[in-house]
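Here come two complexes built around chain A, the first alongside chain B, the second alongside chain C.
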Partner chain A sequence: MKDMMPKFDLFQPADIETALKLLDKYGAKAWKMAGGQDSLDWFKDRAKRPDAVIDLSGIEALKGIRETAAGLEIGAMTTLAEIAANPIVKEKFGLLATAAGRVASPQIRTVGTIGGNVSQDARCWYYRSGLDCYRAGGNTCYAGTPQGMNREHCLFGASRCVAVTPSDTAPVMVALEAEFVIRSSKGERVLPADKYFIGPAVNITHMTVLEPGDILMTIRIPSKWAGAKFYYEKVADRNTWDFPLVNVASAMKVKADGVIEDIRIVCGAVECVPRRLNAVEDIVKGSPQNEDTATLAASSAARGAAPLNFNHFKIPLMENLVKRAIRDS
Partner chain B sequence: MSSPRIERHKLIDRAFHWAMAAAMFALLITGLAPKLGISFEWLLIHWVAGLLLTVIIVGHIVRALFWQSLKSMWFTAADATAVSSLLGKDVGPKPGKYSLAQRLMHHAVTLFCLAAIGTGLVMLAKIDSPLWTRDPYLISAEAWGLVYVVHGLAALIFVSLIVLHVYFAIRPEKLFYLRSMVFGWISRDEMTANHDPALWTDHTSRHEGQS
Partner chain C sequence: MGNFGIGQAVRRVEDKRFLTGAGQYTDDINKPGQLYLHILHSPHAHADISSIDTTAAKAAPGVVGVLTQADLDALGIGDILNLAAPPHKDGRALEVPARPALARGRVRYVGEPVAAVVADTLANAKDAADLIEVDYKELPAVVDIADAAKPGAPLVHGTEAPGNVWTHWQLGDEAATKAAFEKAHKVVKIDLINNRIAPTAMEPRGALAEYDVATERYTLIQGSQGSHKLRDWFAKNILKVPLDKVRVISPDVGGAFGMKNFLFNEPIVAVVASKLYGKPIKWMADRAGSFLNDAHGRDQINHAELALDKDGMFLGLRVSSFGNVGAYLSQFGAAIPTMAGCAMLVGAYRTPAAYVDVRVMMTNTAPVDAYRGAGRPEAAYVMERLVDKASRELGIPAAELRRKNFIRPEDFPYKTALGHKYDSGRYAELMDAAYKRADVAGFETRRAAAKKNGKLRGLGISYYVEACAGGQGEQPHLKFDADGKLTIIIGTQDNGQGHRTVYAQIAADAFGIPIENIVVKQGDTDEVPTGVGTGGSRSIPVGGSAVRATLLKMIEHGKDIASNLLEASAQDIEFDAGAFKIAGTDRKVSLKDVIGASFDDAKRGDVKPGLYAAETYAPAGATFPNGCHICEVDVDAETGELEFVNYTIQDDLGYAMNPLLMEGQIFGGAVQGLGQCLFEHAVYDKETGQLMTGSFMDYTMPRAGNTPRFNYAYTEVPTPNNTLGIKGAGEAGTIGATPAVANAVIDALSAVGVTHIDMPMTGLKIWQAIQSAQSKSAA
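Showing the complex of A and B:
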């Protein structure tokens, strides 16, 4: 990392309309900055050189947690620390509070936002180093080679690029069936979480559907899973401050007799998008929540995995996390 | 009574043409649409269509070598006369089965199609598939750069060629050629008006006197 950023024009709009106009004006040369925890690294590394930085932190409409008749609305610029400490989130959607509290370090969570966390870019070493890889617009993946440093990379869904989603909260959004409200000068659109994240087969240079003129406004979490049995666990090399090697988020409804009525279970850091484990869900629905069910489900968690040279360890890790999620929710 | 019909394209050749067209459109749409901001899972469709096009082209080459008249696609001294006549705004001599413009179009499509297919086949080494494992070290980084440039350039030139081809195919005075690529025939009147029957090297008459 170098110590001086290339110059850019900094804009700090106070309302959405002004921000959208600026985004339209600068197009792909604009950079939307939320908490800035990742942006400044990119600039200092000189791997991203925007002409204009649009700092969204002054837009009050993008902040706050609101309870609605349909569930919960969280402004995209709400900080992770605020979400982790919010009593409504903790009471109804403890899964999200836990995941938000596991992101990075307390200092970063105080500034980092939920919108920035779910929309963050890949952490692949080669991409971050400014190499001309597929994700950077080139025609080579350096991590997917036999000698490549691919310990942190994907088990599923590789399409030339082998990067994974590094987000701690993205799997939670898919598990809770969240909706993402996106605005541009053309209007507003609402996407389910599993459509918000995109893999390299769809667009190799983007992790989300956000286009240059788009702003993620709000994340809506429906009340469907409020108060369900949740499980979140993140395994990282350093527990104090690191990206996940694998994380798991599950929301489960269990009948009085202990039978699993409904479940959504999602793993992060194993694919470019949060990976919903449909086979696991199908196996455990209608079965009692116990060790046997968890063991059976775990055995199918990594079905279809295509490990790279140095990330085979993610398969048993993923299986064990799924087992614990089913058994210990 | 209308003019007798002359077979211009056999069923198998029409099938080759339309199969090629479908594969090329699939390749161009899947290759270019993502560049225009339309996101979808294009890669699988692209390389499968590319392999299909390769098989079709190989079939066409084999058929052209052994069952068709290569001579009908050659350039002759008469073509020089045709060009000089056009420059002098004279009508010039009539061509054989294919006009000079049609042969030029065919050869341009051949050149850029082979360039796109050749580079595309090499690029398959960059991806995994059920049939092979990727090997990005197949050629040097510099050679990869060249492969990508040639592939992209061929694709862009292809777009221009297809626009030209479709434009001339749907011009009113050329519509009988399009019909012949659908139904296989042109009328004897159309043939004699636009071609020299003596130079039409591989025609066989069909349904003469029936229509």
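Showing the complex of A and C:
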């Protein structure tokens, strides 16, 4: 029955070591809770029933934005509101500030964290409603069937599951070549953003590499793209408090003569992971930043797309967003 | 006018309580020992119930009882009543099908209440509901109008209504209209879908029922739009007990929009269970339950034709509509697509002949009933889109076409071809004012500039007129306490509008006393002797005028007391600025002293003690609020996203009692109107009959970021139909906004060859319309 949270044990550790011990103790039965903006819905829907909830909000070491010699370090528990308003982020990585400011609503951004936002689970409503789909450990995909409602689903990378990354900030992390610092009781490891996110062909029950004993500690943003020309746009059914139908994040370096020297461009909500558009990058590098280049780039943006019954619109939408990103950033 | 009197933008006296969380809504109220009611909804759109096994549920932890309709029937509980029966055009009466509180042998829509569990906690009630085994035999279902009208369509109520047509109703003069069309120079036609809406009040419906064994009396606490109606229905139709055995209390109400007028299934079960189990019973709808079983709104399809002569003058209007009223008749459901709104189809124009033909259809969906505007928004949408289309097809600018045909100030009172007598208005003047404020003259320049930025700019106009605040009267009771505190007792029901503030303003204005000294009581049938309730924008025009009529009676009573105090004849006493004085002299006595004397047998003279009065006031007729909405939008052709650039409203709501609250009504109403136009749509799956928009994730409400900043002004053209000269403001914004926004979208898309789009005009639909227009032009 919905709307009633099942019973669980709540732990609110004050430091990482305690949290890691708890995670080891409960293993797959533990649930890591960051801002709780998604977790509580899972519980109320009774679609996830952890034995133990480890609330990370009391761990100060996971919070805050720090400038380092190499760039910026953002604690995983830093709120989206803080990132959107942070002067350094705004000055150097306006792309991230913009994207963080487009997540959901002011209330959710005030509580929701960057770690939670990039690591959130699929928003496929079949999966969310507790059906036994592939992602939930079952043996079917409801969204991919001929009757399935799949307007929000993927154009690329379907592998039994057709869900997409719903995050507004994840594409930015790939565009900015961010690194994800992960701790477990076994130690620390650092992964580039495009390795942090994983698709259904790799692991159908996970959206990220995080395993039960892992905690995402910090996201490092290297200086490489600081002050570049950025473009971010999110198209959703509503312009606040909604998930993207498609979003685009790009970082571009343009020479004085107007020629695009370097670029990274990534789309969200079209694949299970943020989709880096290598073909677009290759086309525009060395070309002038103008309408023609943008049009040419756009034509290759959705190459290889395999639309489902109800999401064909995402192809031209994606193309148009890429065109703008090249032309208008 | 006093400092806190009529016409002042007084801040709401309610707000401190609400903003500090001190409001008392139904769910804030709890009784010791209360049990919780949970309803099991039908998972099927249409099915026969062969059996319901409640054994396991009854044995579940914490369960006190499980009820089905068989139990209610055994107790002699009445079915839910219907109050609107528009007759067939051939004169036959409308057959009213039975609507039991819980399904009787058959379910007819997804979400129909089937069984009820009462338990010590809500969680236990919900868990036990999962254990009820209902044996359903599924039947074919039909959920939309077009399918229901097809030959061979599944029949929602068997042969009770052949072809699923509940009634085939007509209005107007068919022959005269036919003659008008025969001499037409041009006939403009339009086919429209008026999308189905879920009412989504912020506070879901709820009930707390209690039965007192000693007095054999039921008390029902329920947010409503009028507790007296509910009391009467419960006493007469449901429980079949004398009126005094039922008390209904409506505490604070968090939004109603028409839907909380009605008698629904769940409170009936709560009331019955409270006696059966001897404990207070709490029921609150959750959001999913609200989507499933609140009475929905709109859901019509309309075909309309306008006959014009060569100069663009309207000769006749012919409308043929289908209205979906769902699987059962909610109290006023059948009236909404017929009697409630159709007479407003002629709009603000002199249209000499009109004829309307409506089929009221039943489908396997939740009942449909009044939703903010109740028929008039549908009518305004038809006419204002039709006029816009005529303007395009005839090449006559929209303003000119409207102006030519407007009912002119000298025409009032104006009897329309569909039977209403319009009260007053200065339509052309208001439209001109709106055009000026919206800088329509500069629009083409702005459109060209927007085009350079890749935006399709559009301008949409509507001139709405609607009918409200007529009908029954209201009877308030006003009384002064010895300490000078005034109590206003009235049978209207605030749902968030700020009635207390406005009633207090009217009294403060008359008596010259501070608003703080005035208390407004509503909602409790034990404290308020009579009441008609809130709906149809009637509370301030009718209730306010009734307060005024009552306080004038009190002043007369005060004059009698003052005449005794001043030793003068009552005819020579006048009341002004808080004092009674002898006309033409400086001899006076204060209101305070008169109140004091009214309780003093030695001083008040030969009149009844105390200073109080009750007076019934009924309006002379309906009021016809009207105004011009001008909406300017940018459409992003590459994404289909829409952005409001400007939104101008010039309203005539008669005299403004409180401009601040009036604006609040208009802005909120307009957002509901644009919500229907751009986002909201309650969708049932055609195959399975399942409600596809069962949560806010799928049912798209407008959000602050989707709304324009309204540029608002008003012109006061008083109505002669109530003593305060007020026209109703509660629904006007919703009625004006929908066609204005729709016309703006079509104007924007006309640049790429789009001529038609139906609501809701979502980004996707706009974008698809652009795509298909472009691929057509490319072909």
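In this section, the second predicted complex is superposed on the first by the 328 of 329 C-alpha atoms of A that agree within 3 Å, B and C clash if a C-alpha of one lies under 4 Å from a C-alpha of the other, contacts with A are read in each partner's own complex, and residues count from 1 in each chain.
By our rule, a residue touches a chain if its C-beta (ideal position, glycine included) is under 8 Å from a C-beta of that chain, and two chains touch if they have at least 3 such contacts.
Here the structure is a predicted model, which means the values were calculated and not measured.
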item: Overlay on chain A: chain C relative to chain B, clash or fit; value: fit
item: Touched partner set for A:323, first chain B, second chain C, both or neither; value: second
item: Arrangement angle, chain B at one end, chain C at the other, chain A at the vertex (C-alpha, nearest 10°); value: 120
item: Touching partner for A:4 - first (chain B), second (chain C), both, neither; value: second
item: Contacts of A:256 with chain B and chain C, given as first, second, both or neither; value: neither
item: Chain B versus chain C as contact partner of A:125, first or second or both or neither; value: second
item: Partner chain(s) touched by A:313 [first = chain B, second = chain C, both, neither]; value: second
item: Partner, of chain C and chain B, that touches more residues belonging to chain A; value: C
item: Touched partner set for A:241, first chain B, second chain C, both or neither; value: second
item: Touched partner set for A:69, first chain B, second chain C, both or neither; value: neither
item: After fitting on chain A: smallest Cα gap, chain B-chain C, Å; value: 18
item: Residues of chain A that lie at the interface with chain B and also at the interface with chain C; value: none
item: Contact set on chain C toward chain A in their complex; value: 122-123, 126-127, 129-130, 286, 288, 638-639, 641, 679, 687, 692, 697-698, 700, 702-706, 762-764, 767-768, 771
item: Footprint of chain C on chain A - complex, ascending; value: 1-4, 105, 125, 147, 149, 151, 235, 237-241, 313, 316-317, 320-321, 323-324
item: Chain A-facing residues of chain B, complex; value: 34, 37, 39-44, 126-128, 134, 136-137, 141, 144-145, 148
item: Chain A to chain B touching residues, read off their complex; value: 139-141, 144-145, 158-160, 198, 201-203, 206, 209, 211, 306
